[in-house]
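Shared between the two complexes below is chain A, which has chain B as its partner in the first and chain C in the second.
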Partner chain A sequence: MKPVVETEHLSKWYGNVLGLSDVSLQIEPGITGILGPNGAGKSTFLKLILGQLKPNIGTCAIKGEMIRNNYALFSNIGFCPEQDAFYDELTGWQFMIGLLKLHHFSSSEIEIRARKALEIVELIEDKDRIIKSYSRGMRQRLKFAQAIAHDPEIIILDEPLNGLDPLGRRKVIRLIKSYKGEGRTILVSSHVLPEIEAMTKRIILIHQGKIFAQGDIHYIRDLIDTHPHIVSIKCSDPRQLASKFIQEDFVLNVNFSSTEGTLLVKTNNRDKFFGILPSLFVKYDIDVEEITSPDDNLQAVFDYLVGK
Partner chain B sequence: MTIKEKGYAHWDGEFLDKKFPWWPIARYGIKLTFRKKFFKLFFAGSLVPAVIFLAGIYVSERLEDFKFMFQESVPFLQINPAYFETYLSEGFMLFILIVILIFCGSGLISDDLKHNSLQLYFARPLKKKDYFLGKTAVIVFFLFILTLIPGLVFFIMKLIFAGSFKFFLTYPWLPLSIIGYSILVTAFFSFYTLFISSLSKNRRYVAILIFGIYISSDIFHAIFYDNFHSHYFSLLSIRANIQQVSAFIFSEKTPYPISWIYSFLVLTSICVLAGFILKKKVKGVEIVK
Partner chain C sequence: MGQESRGRVSFFLNSLKDVFTFFFSMGKKSKKMKVFFLIGVLPVVVALIIKLNQFFSNRTPIRGIYIFDNMTIAIYLQFLILILALFYGTSVCSEEVEGKTLTYLTTRPVSKSAVIIGKYAAYTSLIIILTSIGVILSFLVLNVNDLLDFSLYKILLRDVAVLSLGLMCYTAFFTFVGTIMKKSILFGLVFSFGWENVIQYFPGSTQRFAIIHYLKSLLPVPQTGRFSFLMFRLEPSSALFSIFMIFLITGVFLGLACLLFSWKEYIFED
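Presenting the complex of A and B:
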C-alpha cells in the first residue's frame, strides 16, 4: 500500500536539545499510534509532519508532496492539538463555524459541516453553550470535532485522551476507531500505553527523540530476542507439562501460577516453543483451556525497549 | 490492512488557491471589536472631529452668512492642505487613533497566544502572511474610517460646497497626499500594534503598552529637549515623527527644524524591527521549554 506520510532522516533540535533524530519511516492508511513518554519527541514529530516546525535535517512528505509551506495540503489534514486551543467566551458552534471559515466553504456548507461534526462527537445539544462551561471531556470532543469537520483524509491527534475520565476516554476511543474503516490515515500520540493499545495494533515507539520500533505490537515483540517471552497455559495437568518443558533448552524457566491449573513458561524461542506445544498436549493427553502471552502487550514491549 | 469503504470526499491531490484567505480573520476581528464594551460609543465620538472639520469646510464657503458667528476663526477657516493636515495629524487625532488601536488591536495576537489558537490557524490552509494580513486588515478598517475616508470626503465636499473645481486645480496632489498619509500612519500603527500585541498573552498589558509607549515617547522627547535644547530629540517621539513626515506629505513646514527624512527613517526602522520580531514570535508551535 502506498504510504500517506513519508519522512526521511527527519531531525529537529531546539538549540542543544534534541527533539527528534534521524526519523525515516512510512505511514500507511489506518490508525497508527505514536507512543512514548512525556518529552520523547511525539509532539515534535507530529508538528514536523504538520509542517508547523521546520526540520533541521530531512524531509517530510504527505502523499508525495512536501508539507512545509504547502498550505493547500492542509485542506486535507485535521489536527487536534494537545493543549486546549479555545476562545473560552465563544460557544461551541461559533468555534466550529470560525474555524471552518478558514477552509473557505460556503456559508451553508459551513453550517452543514459544523452540525455534522458536532453530532458525531455528541455535542450538538450543547452547541450554544459557551466553551468555558464545557467539561474536560466535552472540550476534548470539541477539539476532535474541529479536526474532522472539514472531512480530512489525514487526522493527527496529539494526546487526545489527556485528562479524560474513563467514560470520556471510551467515547473518544470509539470515535477514533469509527474512522478506521474509512480509509483515512489517523495518527494518535499518547504516553499511556493501554490507550494506544485500545485503538490500534500498529505503533511507532519514540524515546529520547529516536524511533525505537515501528510496526505491529506482536511483530515488535518478536524482534526483542534478548528478552524472553512468557506463555501462560491453563490445562488439566500442568505439572506433567512442566516436567516435559524443563528438558528443552529453549525453556528458561517454569512457574506455577497462583491460578489453579496454570503454568507460566519463560522461553527465548517462541517459534520452537509453540512448535512442540501441540504435540505435547496430544502425546500426554492434556486438555488445554487457555494459552495466553501475558507480556505480549504494549507495556511489556515499551518497558523492554526503553530498558526498564 | 483492510479498507472497507471510503466515507470521505476523496482528495485528488489538486487544490486551488483561495482569493482572500485572510478575510475570515479580518471579519472576525472587526466583529469582535464592535462587541467590546463602550467601543461603539467611543468610535461614534471619534467621528465628531470629522463632523466639525466638515462643518468648517461648509462654513468656509458661506463665510458671509456666518460672519457674525466666526469672526475670530476666519484664519482657521482657510481651506488648504494645512487644514487637512491639521485634522489628520494633530495630537488630538493621533490620540484618538491610539485609543482606537487599544480597542481593536490589543487582543489581535495576544488573544491567539493566550488561547493557543495559532496552532489551529496554521493547521489550516492559511499562510502566515494571510494571518498577518487578516489582523492588519482589522486595524486598517478602523484607521481608514478615521483618516482616509474623512480626508477624501472633506476634499469632495469642498468641491461640492464650492461648486467649482478651482480647489482641485490649485491642489491637484492633495488627494494623493491624503491617501499617502493615511497609508503611512496606518502601516506604522499596524506594525506598532501587532508587534506589541505579540509580546504578551495578556490583552490588558498590551493595551497599557500601546498607550504607554506612545505617551512616554513624547515625555522623553520633552525631557531631553528641555535639558539639551536639541530638536533632534523629537526623533524619540512617535507623535513628532508622524507630524514631521505628515508636514512633508502635505507640503507644509515641518514642526521641528530638522529634516523629515530622519523621522521617516525612524518610523520605517520601527516597522522593519516590528515585522522581523513578529515573524519570529508568531508560530504555530511551542514545544520545548
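Presenting the complex of A and C:
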C-alpha cells in the first residue's frame, strides 16, 4: 500500500530542548496510534506533519507533497488540535459554518456539511448554544466535528480523548472507528495505551523525541505483560490476602501501604494475578473497596524498557 | 496573465472574502466590539454636554462646526483611532496565538496571507464603521442648528475619510507589530502616545516619520482657537503625497505582516 505520510530524518529542537529526533517513517491508510508519555514528542510530530512547525532537519511529505505553506493540501486534511481552544463567543453552529466557509463550499453545501458533522457527533440539538456553555465532552466532539466536516481523506487527532469522562471516551472512540473506512488515513495520539488499543492495532511508540517502536499493538502489550507490575488492593482483610499471595510464584513481593487496609502486590504475570484474585476474595470472604494499578501507565513501561 | 495565475488570483480573492466574512460576522457580535462601541460613543456624549451647556448658558455660542473640527483632531485623530487600531490591529495575529485558535485557520485551504489580509480587512471595516457612527452623531449633535447648511457635510465627509485612512494605516502597522512581537500592546502604547505624539511636533522633515503627519496634512490648519496647538509646527505635505504615503505605509506593513506570518512558527504556551 502506498504511504500517505512520509518523513525522513525529521528532527526538531526548541532552543536546547529536543522535540523530535531523526524520525523516518511511513504511514499507510487506516488508523495509526501515536503513543507516548506526556512530553514525548507526539504533538511536535503531528505539528511537523501538518506544517505548523518547521523541521530543523529532515523532510515531511503528505501524498508526496511537502506540507509547509502548501495550503491546497488542507482540503484533504482534518485536524483536531489538542488544546481546548475555541472562538468561545460563537455558537457551535456558527463555529462550524465559519470554518467550513474557509473550504470555499457554497452556502447550501456548508449548511449540509455542518449539519451532518454535528449530527455525527450528536451535537445537533445543542448547535445554537454558545461554545462557552458546552461541557468538556461536547467541546471535544465539536473539535472532532470541525475536523471531519469537509470529509477529508486524512484525519489527524491530537489527544482527542483528553479530559473526557468514560462515556464521552466511548462515544469519541466509536466515532473515530466509524471513520476509518473508505481508505481514510487517521492518526491519533494518546498517552493512554488502552485508549489507542480500543481504536487500532497499529501503533508508533514515541519516547523522548525518538521512535521507540513501531508496529502491532501486541508488541507493546507483551512488553507491558513482562514488566513487573504493582497492584494496590484496598480490602477488609489485607493480611489474609497477603499470606495467600506470598505463596504464589508470580508474586515478586507484598507490602502494606501506609493507607489503612491497603495491600501492594508486585507481580510479573498480570494475567495469572488477575485470574486468581476474584477466587481469593470469594474463598476468604474478603470485601473489596478498590483495586488500582499505580504504575499501569506508559511512563512506567518506558522507564522499565529504557532501564531506569 | 496566464490561466494558472488568474486561477491563483481568484482563489486568493475567494479566500480573502471567506476569511473577511468569518471575522466580520464574528467581530461585530464580540464583547470587544461592544466595549469599543461604548468608548466610540463617548465623544457623542461630550458633544451632547457641550450643546446642552450652550443651550442653558447665556454666553454667545461657539459655532458647532468649529467644535466638531477640534473634536476630530483632539479626540478622534490623536486618541480614539490610535486605541482602536492598536487593539484591533495587534489582535489580528496575537488573539489567535494567545487563544490557541490559530491551527483552525492554518489547517484550512487558505493561504496565510489571505488569513492576515482578510482578518485585517474585517477588523478595519468594523472600526471604520464604529468610528464613523460616532463622528456622524457628534456632527449632527454639534450642528443641530445648521443641518440645512450643506457645505458643512463636505467637512464631515473629509473628516470621516481622513479618520478612515488613519484607521487603515495604523491598523496595518499594528497588525505587523502583533505578528512580530508578543508584548505588542505595550509597544503599541509607547508608539501611539510616545512616538506619534512627539515626532509630529519636530520641525523640518523629522515629522514625516510619524503617520499622523500625513493625516494632519489632509486637514486644514486652524490658526487660532483652543486646539490650534495640536497643529503647532505642522509643516504639511501635499494632499496627494500624504495619501500616497498612507497607502504605501499600509501596503508595506501588511506585506511584511503576511511574509512574517507565513515564515514564522507560532508555539502555544501552556
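We take it that the second predicted complex is superposed on the first by the 218 of 308 C-alpha atoms of A that agree within 3 Å, B and C clash if a C-alpha of one lies under 4 Å from a C-alpha of the other, contacts with A are read in each partner's own complex, and residues count from 1 in each chain.
Simple rule for what comes next: a contact is a pair of C-beta atoms (placed from the backbone, for glycine too) under 8 Å apart; a residue touches a chain by one contact, two chains touch by 3 or more.
Since we're looking at a predicted model, the values are computed, not measured.
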Clash-or-fit label for the pair chain B, chain C on chain A: clash
First (chain B), second (chain C), both or neither touched by A:83: both
Partner chain in contact with A:74 - chain B first, chain C second, else both or neither: both
Residue contacts with chain A in the superposition, chain B compared against chain C: B
Partner chain(s) touched by A:98 [first = chain B, second = chain C, both, neither]: both
Partner chain(s) touched by A:17 [first = chain B, second = chain C, both, neither]: first
First (chain B), second (chain C), both or neither touched by A:151: first
Residues on chain A lying within both footprints (that of chain B and that of chain C): 14, 50, 52-53, 69, 71-75, 77, 79, 81, 83, 85-87, 98-99, 101-104, 146
Chain B partner contacts - residues on chain A that touch it in the complex: 1, 14, 17, 19, 28-30, 43-44, 47, 50, 52-53, 63, 65, 69, 71-79, 81, 83-88, 98-99, 101-104, 146, 151-153, 181-184
Complex contacts: residues of chain A adjacent to chain C: 14, 50, 52-54, 69, 71-75, 77, 79, 81, 83, 85-87, 89-90, 94, 98-99, 101-104, 146
Touching residues on chain C, where the partner in the complex is chain A: 14-15, 18-19, 21-22, 25-26, 29-31, 99-101, 103-112, 262, 265-268
Touching residues on chain B, where the partner in the complex is chain A: 1, 3-11, 13, 15-18, 21, 24-25, 28, 111, 115-117, 119-127, 283-285, 287-288
